[in-house]
Every structure is written in structure tokens, then in C-alpha cells.
Amino acid sequence: MNSFGQIFRLTSFGESHGRGIGGVIDGCPAGLEIDMEFIQNELNRRKPGQSKITTQRNEADRVEFLSGIFEGKTQGTPIGFMVWNQDQHSNDYNNLKDVYRPSHADYTYIQKYGSRDHRGGGRSSARETIARVVAGAIAKLLLQKQGIRIDAFVKRVGEIELQKSYKDIDLSQIDSNIVRCPDAEVAEKMIARIEEAGRDRDTVGGVIQAVIQGVPTGFGEPVFNKLHADLGHAMLGINAVKGFEYGSGFEGTKLSGSEHNDIFIKTESGIRTKTNNSGGIQGGISNGEDIYFNVAFKPIATLLKEQHTVDKEENETVINPKGRHDPCVLPRAVPIVEAMAALVIADHYLLNKINQI
Amino acid sequence: MNSFGQIFRLTSFGESHGRGIGGVIDGCPAGLEIDMEFIQNELNRRKPGQSKITTQRNEADRVEFLSGIFEGKTQGTPIGFMVWNQDQHSNDYNNLKDVYRPSHADYTYIQKYGSRDHRGGGRSSARETIARVVAGAIAKLLLQKQGIRIDAFVKRVGEIELQKSYKDIDLSQIDSNIVRCPDAEVAEKMIARIEEAGRDRDTVGGVIQAVIQGVPTGFGEPVFNKLHADLGHAMLGINAVKGFEYGSGFEGTKLSGSEHNDIFIKTESGIRTKTNNSGGIQGGISNGEDIYFNVAFKPIATLLKEQHTVDKEENETVINPKGRHDPCVLPRAVPIVEAMAALVIADHYLLNKINQI
Amino acid sequence: MNSFGQIFRLTSFGESHGRGIGGVIDGCPAGLEIDMEFIQNELNRRKPGQSKITTQRNEADRVEFLSGIFEGKTQGTPIGFMVWNQDQHSNDYNNLKDVYRPSHADYTYIQKYGSRDHRGGGRSSARETIARVVAGAIAKLLLQKQGIRIDAFVKRVGEIELQKSYKDIDLSQIDSNIVRCPDAEVAEKMIARIEEAGRDRDTVGGVIQAVIQGVPTGFGEPVFNKLHADLGHAMLGINAVKGFEYGSGFEGTKLSGSEHNDIFIKTESGIRTKTNNSGGIQGGISNGEDIYFNVAFKPIATLLKEQHTVDKEENETVINPKGRHDPCVLPRAVPIVEAMAALVIADHYLLNKINQI
Amino acid sequence: MNSFGQIFRLTSFGESHGRGIGGVIDGCPAGLEIDMEFIQNELNRRKPGQSKITTQRNEADRVEFLSGIFEGKTQGTPIGFMVWNQDQHSNDYNNLKDVYRPSHADYTYIQKYGSRDHRGGGRSSARETIARVVAGAIAKLLLQKQGIRIDAFVKRVGEIELQKSYKDIDLSQIDSNIVRCPDAEVAEKMIARIEEAGRDRDTVGGVIQAVIQGVPTGFGEPVFNKLHADLGHAMLGINAVKGFEYGSGFEGTKLSGSEHNDIFIKTESGIRTKTNNSGGIQGGISNGEDIYFNVAFKPIATLLKEQHTVDKEENETVINPKGRHDPCVLPRAVPIVEAMAALVIADHYLLNKINQI
């Protein structure tokens, strides 16, 4: 239940205010060179305190590998790793111990397990996604060898939307600004919108778009594990995600079939489609075109505002949290979206090796 | 890869124009009374030829159970079943044998497997969903015992949308019309829209909404198998689905956190939330409120229109399919959405039995 | 729970006196030619009534494939199949409905599931192994392409043992006699011993040895899924099996390490070992030598003798079963042992494709 | 591939001479009190250097929990843990870097993965079983609550065998001597035999017997996951194990069915069997009687003797290892056998909660 993937498989563990966040990657092939700097950089893209628009929790978030790598290469054995917690401020949460914060997992955890680690969300904290970013970074290294590239960027913050197709923007510029929207003008507006939410002690949601380029034909399993179904599963498992659509998505459902169908054409580089409403996936299997999808993030639940709620004794009460908060989770969620996409694609890359005799 | 679920687990097999569609349900507890009429009725809701707005393929689609049921009850042993194909018209497809129909799985199957059963889509045909409807019907019987009810309905066809909340409509009326939209007036417009698409030899897409009532707190696993992530996975595995959103969904991402948070209140029936933007799920775990979600269906790819494409020898060509087609898949997809939701909820119902010592 | 294998995966269903025994094979690569005669022959080697020393239940046991094969080849899609029951004599079991036969699964099934299909053992019947033989036959076809050959033979019946090494017998002669011991002289004694048990209305057990030749180095996963651990798991899942040993087995534990170690030598065909106490597996991974192991079968529990027991109301009683019985299960178990070995090796053959980048 | 169990599931990682050995336990129910002293004591029973007859590698082997435990209780979240390596002496292995030690995993690892961590066996080292002992200790704590008790002891060393039934010995005395055979007289002979092997710079094998008491009826799944099949799988996954038998085992195959069958009788404590050749398992499911089985351990491959072998360049060579070795692995393997049995039983205890509606 804390594992993800069939062959390339991550098992995640750890809590927000326990010893740290860790994971085990099983099924990574032997012989992959591990670029430690690249992995740490992916973690840095996720870490709190990286810019003025993210939470000021100050964590170094350095990954320590515990197994599976020898002389700089994977060994085919499980890769254990750990990111130790440091800036924990557990006591900040003592006054929230016995109340159920609105739209958090406090109430549902107690109902499910009979108890919970109340410190900073415990296991339900988005800090758990550290394990996904580390594993995703290794998946990215594996996929790079196959010429596969995964990019995600912030497409919308609140009402402020990047109106361009991903084809008309420079994906290499995603990290050129702190909001991770590769359009300077729109990025500026997004940053202002997030700062406004921060000042309001409130939060704002939005949409991340991801693009996967270089996937050959044949990835994906036809029925329950369609490539987009596994991608959707991965995305919906990220904290605060409320929706997923790929290719033409919800809007495309308004087209007629004759408008929506992607006509096959013959090109110098083989069979291609004229349009790409299919989002690079047909019948659940990659067709060689770009894979692209949108992920909806709600405004996260942690506000620094007075809110009515109920406590463990079922008395109504009021909370007024103090401290730090993350007015918009999207810039830091970009590497998480990329990481989960990488895990899915790496898994299907390996599964695809055994289709034919 | 053709199995779905952790504990309550369906394995599906069969092709559109082979012997039939079958499945095996493993993990269904012993002692469940099997209401054969109910199961057959669920299949009838899915079957082609059921009304003037669906494909006229004429299949009885009668389920035959092969194992696991004795004296009317499940035995805890695997439940095998089969729905034999009858009205196959395989020869209709001979002229499509060597071409790649636009936005179908023809090309990707060949690329993945090196060959394909070209007759009617083979394994990629939506006919495979028969297995899901049978298994879902048994899951529904199991969940009914727990007071859990699952309803889906057509919310939008092309641009024609039912603008009401599910709370303001009578879910018992879903099957009162052939389009399965429980609002007579909107249903009539939807039917007209589908008939128009049929006359155009074209197709039209839309949205199905599902509502799950009576789920207690505690279903769902916190990290990768969040209840909504498994629901999304299930929905995105249905043919023609392009998107999934639950609770406040994509629109909710435009709210601020203070607007979006669901305040806990104390009621006579225990702790509840004032609003339900969470869609009944918090931290991936059910909170006792109604679970609701939307599923986007593209206009399906099978048209009776002339279309440009490419054949197996990579020559450009034109196809002009004849025969029958389904102008809108949504009315028949309603029981499929319900079935897949039932499989997910049944699985989490069983998983939830082992949370606490 | 009714599935076996990670990638090449069999799901089995069916009861002894229900509609039949079926299965689904998922994960078989596309493009494998299916030799129907070979598969049916494997079933014939398992079927009852094949000789004077087996049960006289008279079943044709013809396999009917339901999916996954098109134009004589696998398609990469799940292969469903069914062997229909015919000679059921269900009424024979009515008098056993309410008693617990000694050393059968009657009592444990009732305790586990609250009810059971009492007809002929239901799901606990060895008739279920039909599914394994069909799937194993397909696995054998896949492995033959890799030059891998699996042979099992009866090594001991009661106290009568074939004292030779498998290297000193002609494995092509296994089916040359009805007891499947490839030594005419010993076979004759075994047959006499089985006939004696039959006349006594009693049963006799023994040992089957299996030899797998042609496995290259590298099959097996180092920790929990050591190649021999998966083989043992497979064998111990066969009805009536009480023990498993590979290579030097229980006897080898009496040697010292310096006697037991297999010295590596250089040969024309590469690195080999001088002896093979390791049974072709070191550290859980195949080393290129022959894999061989022994499987212990108890005398099966179905006797035609008066026996004391207890009924459902917990009253002591006496049963005196009539009808047919199988005095020795070993000759018919030979193809089952081979089939399960084939499933394990096929699975590891596929897993082994993804070890290295 | 490095995970074990369906519900109560251990994922293991780590190498002999890397950072340490770790694991993640997923699926442990919430609310279990963790007795740290008990867990550490189990580790101490496994650790090297504990007595004069084990290897003198000197490791503290202290377990550090990384997640999943809060205020002394499990939380239902994954339990990560680590045992750091200390006394590594990696350089001892430099001279073995390029040779294949006889009957070790050196050659097969290189063949499978293309490279290997040569230091002390790396992942193939029995040091990996630390993860199993920690997880097994938690499984034991869970099972103790259900009144289930698991004991293993050394039954044979070389030719020296404890000839008594486990019923005639005092299982509470297993740890009363360093060889873990609960019969002082036999233990003394075993110790002398092991010391002799040590002086010879050689090794000696033998048999461990395990007894599981207090398992209620109903544990085990009828087909592939028979309770004894899962136990056998677990045991055969332990380093150096060559065989497994339960109940009457290999010897019982020489009985006739009428001798072997266990007659049901009515007792004050309900239905029981008069004899227990079934080893507490019928049809793969526990019947309430004691479960007992034997595990064969070969003499381990690490000797301090001159041996012929081959190196990486395929040249024949001679090795003459120096340093420390373990003349007999059985005393330290006792807690490993118990741990693996506990993992299997805990898993089936949880699975058994979902048999019936």
C-alpha cells in the first residue's frame, strides 16, 4: 500500500516530524550511473524555503543512499535512501493535537487507525513526496538513456493562466523563475498572485501541465494499466490533487469524433499523427507522439486564518494556526509531478521489454 | 496486467470477435448471496442494441458462471464467468485488416505486439468491459450489504449539460430514460443531440458523474492508493476516458483555501462537514460524506465517415467504414463507471478490515 | 490468492464437480506458436483413467481456449481456457456431505469459509491442477524456444526406489511405461506395489524427481525469490506434497563444507562446476548447471476403507467410501510437477530480461 | 523481488559491507505495542560473535526505527528501520575481488547483473537476514496477542541428531545453550562437532525444526498459497537452505494412506485429530493442531581452506581465505527460521480476516 510500480517499484516510509523520509527502489536495472548532483538538484527543486513564495520551513533535505549503489552504479539490488528531518518545530503542533483541521487528514486518520502522529500531518504530510522525488530522479536518469524527457510547469495559478500550447514555449526555461512557469510575463503575475495569497494568510491552487517527449511506441498495457491510467493514478496520489486529464481532456469531449480523431500521416520519421488530441496514447499504448496532461491542485488546506472546527471530544471549537505556511504548492509540486511521471514511464519501459518472444 | 484490485481482484480476458469475454473474480468473501437477475440486469444496461441511440450490434450478452458459486452463494473460491460472443460479423472487418483506423488502437497494438486480432478491435474493443460489469455487479451486491450505494448518470453530452447538483436530482430515475440522465427535459435534448450525431455518421462525447453514498470513514490508503487515486485509475482504464476529477475538481482550483476548506461540524449523526469540496475524501481516506466525481469521455473514434489514414505498408489511404456505430458511448458507459467504482470500493472495504489490531 | 507468478501469471478457477476447471494466463509474450496437440498431450498425461494403475474416473479433459490466441499464435493478451467436467458422479458424494473425511480439506474449508462445495472435494480437488498443466504446457513451449527442457519422473513408490542418478537414465523414456519411471525393471516393481495398494483399497506415496536442463546463468532473484524458493513454493502448492529438496538436499547437510562445495573449472563451454551439489543454483540464481530437485508426495487421503471420523454436528461416526480411487497419485503428478516447474522458469526467464540497462 | 508477504509485507535492502541492512514493514495494523527490548533480543540471538561456536565478526547490530512507531505503538503506516554496519573489514575481501569462491553467489551475481559488490558477499550475504529478524520480531508481537507461539531449534548437526519428538522436549529451553538444541546432552555433542569443524577450518550443516502452536483453524489459501507452501517458500529463501518438509515429510511418503490419515476425534476442546501427520495443515489450511516442519541447511560455503577455482578472466586459480568464518550457521539461523515463519503466519492471520462476509 506504500509501494508504487510493478517492476520499477518504490516503497516509501517516514513522517513529517519523525526521523525523516525514506524509500526503497526495487527493480532498477544494474549498471545505471548515478549522478548524485542531479538527484540532489531535483530534491532542491522540491524543498521548502527555496524562494520567497514557498513555506519558510528550512530543511537541507540532503539525500543519503543506504544501499544498492556501488562504485557509482546501480547493482540491480534495492536502493535504500533517507532524507533526515531537521527543522521540525514539533511543538508548533501541540495545540493542534486534539482538533481536526478542516480539509486535512487529521479526522480520517484517527477514524482509520485509531490514533495518529499529529506532528505536522505525520504520514499525510506532503513531506512524504521527498521519497518520490528521489526515486523519480533515478527513473529520470534511466529514461534519459532512452532519450525520454519529462517536463512539468505551472500552467495556471488561481485564475492566472498561461494560454499557450507547450509547443510554443521553451521548456528549458521552466526553472528560470521561482514559480516555474516558462513565460516571464505570466510568471510575474502568478508570483504576485501567490504573494497576495501569502499576505492574506490564505492559499491558492491551480494547474500543472506535464509533457513527456521521446517515448517510443508500445509503452502501456491495454486494459487496466493503460499508460494514461497509470499516469493518472500516479498524479492523483500526490497530495492536494483533485483532477487529471490528458490529451484533449475535458474540453475535447465537446468535439465531434470527426474533429477529434488524429489522422495518421506518413512522414520522413515514419508514421505520425497530424493532430495529437490523443495525447500520445491510443488504446492505452504510446503511439510515439508527445504525451501531455494536466493536473489540478486545490488550494492547500493549511491556512493561517481563524477557522471553525471540531475537536476529538466532538466539541465545536476555533483554531487559529500560527507559524509558516505555503501559500501555493504548485512551484514545489512541479518536480513531484515529473518524478511520478518518471516512475510510471520507467515501469512501462521495463514492462515493454517482455511483450514479444 | 489484466487484473484489477488488491484483494477483491478481477482478471479479465477475451476479445471482441473471439469466443467471448470472460473473467475471474478472486478475493470475494464466502457467503454472499448471488442475485443472478441483478447481475444480468447490469449487463443489459451495458449491452448494445438496447435503445435507438446505441449501436445496433445485437448481443444477448448472457453471463454464464463457471465456478465459485454453490447453492446460490459465493464460496470464497474464485468466480469464473463467461459471456459468449454471438453477433460477430467478423467479415465486416476484413477490409480494415491492413489499415490503421485513426485514434484506434490498431497501430499501437501492432507496434507493441507485432501482430493483432484485427476483428472489431480484438482485445482493445470496449466489449472487454463486459467482464468489469459482471465483476462490478458482484461488488455491488457485497457493498449493498454494507449500505453502500453507487450511482452514475450522464451529466453532459457535447455541450448539453445537466446544470444541477446531484443532490437536487432523483438518482432513482437514472434508468427512466435511454440516455441515463435523470432529468427528463435535459435528457430529451441529449437524445436529440445523439440522434443528430448518428445521422451525421459521427460521434459525440461528454461527461458522466458518479455518486457513492454510505461509505463509512476509513476507506482508502494514505499514499499511493488514496481512495480517489484508485477511483481515478479505474475510470481512466475505461475505453475513451480522457479525464477524471473528484469533489471540487478542476473548477475548485480557482478558489482560495479559505473558501475551499470544508468546516467540520457536530451533528446528530456525528462529525460531518458543512460543505463537501473534498468529495468525501480527505488525505486519501473517506470521511463519511458523499463521494462524487466526473469522468470525461471523448467522442469515440469509430465513425462511418471517409477518413484519411495510413496502412501497414505505410502507404497513405482512405477508409470509409460501413455498418453500425455507436454515436455516443455515454449511456452504455454508465454501468461501466458504476462497476469500476464498485470494484474499487469493495477492495478498500476489504482492505479496511485489517487496519487495526 | 488463486494466481501464480509475477510476470508469466496463471489465475486458476473451477471445482471438481462444477462446470469445469479453467484458467487465465497473463503475461505470455506475443508471437508464440501454440501447438495444440502438445498441450492436449500434456493434459492426457495427467488425466484420470489413462492406465490400470490410476483412478477410473473417465474424463476426456479436452482443453478449449477462449481467448488470446489468433491464427495459431499468442497475441500478448490474456489466454483464457476451460476444461469442462463430464464424468461427475456428484451423487457419490452425498453421503459424505456432512462428515469430515480424515486428512482431507473438508473440515478446514468449513472452518475457513463457513460452507463448502462437498462434491468431490470441490475446489480442494486435485482436479484443479488441470489449469496448471495447461498453463505449464504453454510455458514449456516458450522455454523450448530457449533450449530449456523440463523432465520429471517417479523416483520412489513406497519403499521401491530408483537408485540411479538422473544422469544415468534415459529421460526420453519417462512415458515408456505407465508409472513414469524410466527404468523398466524398477517400474515393474512400482506398478506391482501400486496394484497391491489398489487391491488393499489403500494408497501409497513416494517421490518425484525433476530435472531442468538448458537454463542459462542468471535466472532467479537473490533474496526472497531465489530460484529454488520459487520452485519449492510451486511444488508445495501441489496437492499431497509434503516436502521439497534441491541439489544435495537433506542428505547433503551431512557433508562438510569442503566436501559439499562445487569447485569451478574452466571448460570448452565456459565456466562450469566439477560437481553439482548446488543443484544448478547458487545464491538463488542459476549457474548454468542442471537444476534438479525431489518432491515428496504423501499417500493420498482418499481410501476405500472404513475409517472413524466426526461429522458436522461433532458426532463421532464411521465412513466407508465406495467407488473409485487413485491408489497412487505419482504417475499422474509427473506432468503437474513439470508444469509448475515450467511456470516458475518461464516467469524468471521474463524477469531476467530486465536485470541490466 | 525484495519484498515478502501479501498484506504484512517486508521490503528488505542493504549489503554486508555497505552502510547497513534495512527494511520497511508495510501492512502492520495500527495499535500494536512495540517491545523494543524483545526486538533487540531477537537480533542478539542472530548476531555474530554471540558465542564461541559462531563467527567472531563483532557487530552490535542495534536496530534503529525510522518511521511508523509513535508513542510506542504502530500507526498503520510503514515501519522503516536500519541496522548500521560497523565491523566491516572490507579490505579482507580485496584479494577475493576477482575470483569466484566455490558455491558462493560471486559467479551468478556477475552473470546476472554484470557487476557485483564483492565485499563480503554484498547483497548475497546472510547479513541481509537482519531485516527478516527485525520484521519477524514485530510479526511475533502481533501473533503473541493471538496466542500464537513460534519456536525453532537445532535438531541435527552433521550426523548428530536429537531423536525426540518436539512434544517430548521443553521448548522454553532452546536458548539455554549456545547451539539452541533444547536437550543438554545432545547439545553438548553438537557443540563438540561444531568446534571440530571450526578447528578443521571447515563447516558443518544440519536441520532446524520449527513448531508453531496456537494457530486457529482457517489460515492458508487453498491453491497456490497453501500455508505450508508459503512456509516452504519463506524457508527456502533463507541462505544455505536446501530442503523443507512439514508434518510427516519425506519419511511419511513411505506409509500407506490408512496409516497416514489423521483420524478426527471429538474432544473437550472441540474437533481434533488423533495423530498429526498433517503437520497442522490440511488442504493448505490450518486445522488447529500444531504446525511443525524441518529445514535443511547445507554446510556453508565459506571455509578457511585452500580451494581450486576460476577467476574473472576464466583462469584456474587457488584461493586460501583467511580471517573469520562460521563453522556452523544453525544456532544463529534459529531466530531467522522463527522470523520467517512469523512473517508467513502474520500475513495469513490478516488475510484470514476477509474470508467471509
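Annotations for the structure displayed:
First chain written, first letter: the chains are A, B, C and D, and each begins at residue 1.
Methods note: a residue touches a chain if its C-beta (ideal position, glycine included) is under 8 Å from a C-beta of that chain, and two chains touch if they have at least 3 such contacts.
All figures in this text were calculated on a predicted structure; none of them were measured in a lab.
With B-D and A-D as the two chain pairs, more C-beta contacts join A-D. Among the other chains, D has the CA centre that is most remote from the centre of chain B. Chain centres here are Cα averages; for chain A and chain B they lie 26 Å apart.
If you average the Cα atoms of chain B and of chain D, the two centres end up 46 Å apart. Chain centres here are Cα means. That of chain A falls 39 Å from that of chain D.
Shared contact sites, meaning residues of chain B that touch two or more other chains, fall at 1-3, 12, 27, 30-31, 76-77, 112-114, 123, 222, 355-356. Viewed as a network of touching protein chains, the structure reduces to a complete graph with every chain in contact with every other. Those residues of chain B that touch chain A in the shared complex are 1-4, 6, 12, 100, 102-105, 107-109, 111-114, 123-124, 128, 156, 158-159, 197, 200, 202-207, 217-218, 220-226, 228-230, 232-234, 236-237, 242-250, 252-266, 270-271, 273, 277-279, 281-288, 294, 296-303, 305, 307-310, 314-316, 351-352, 355-356.
Of all residues in chain C, those touching chain A in their complex are 7, 27, 29-32, 76-77, 142, 145, 222, 350, 353-357. Touching chain B in their complex are the following residues of chain C: 1-3, 9, 11-15, 18-20, 22, 24, 26-27, 30-31, 65-68, 70-71, 73, 75-80, 82, 112-117, 122-123.
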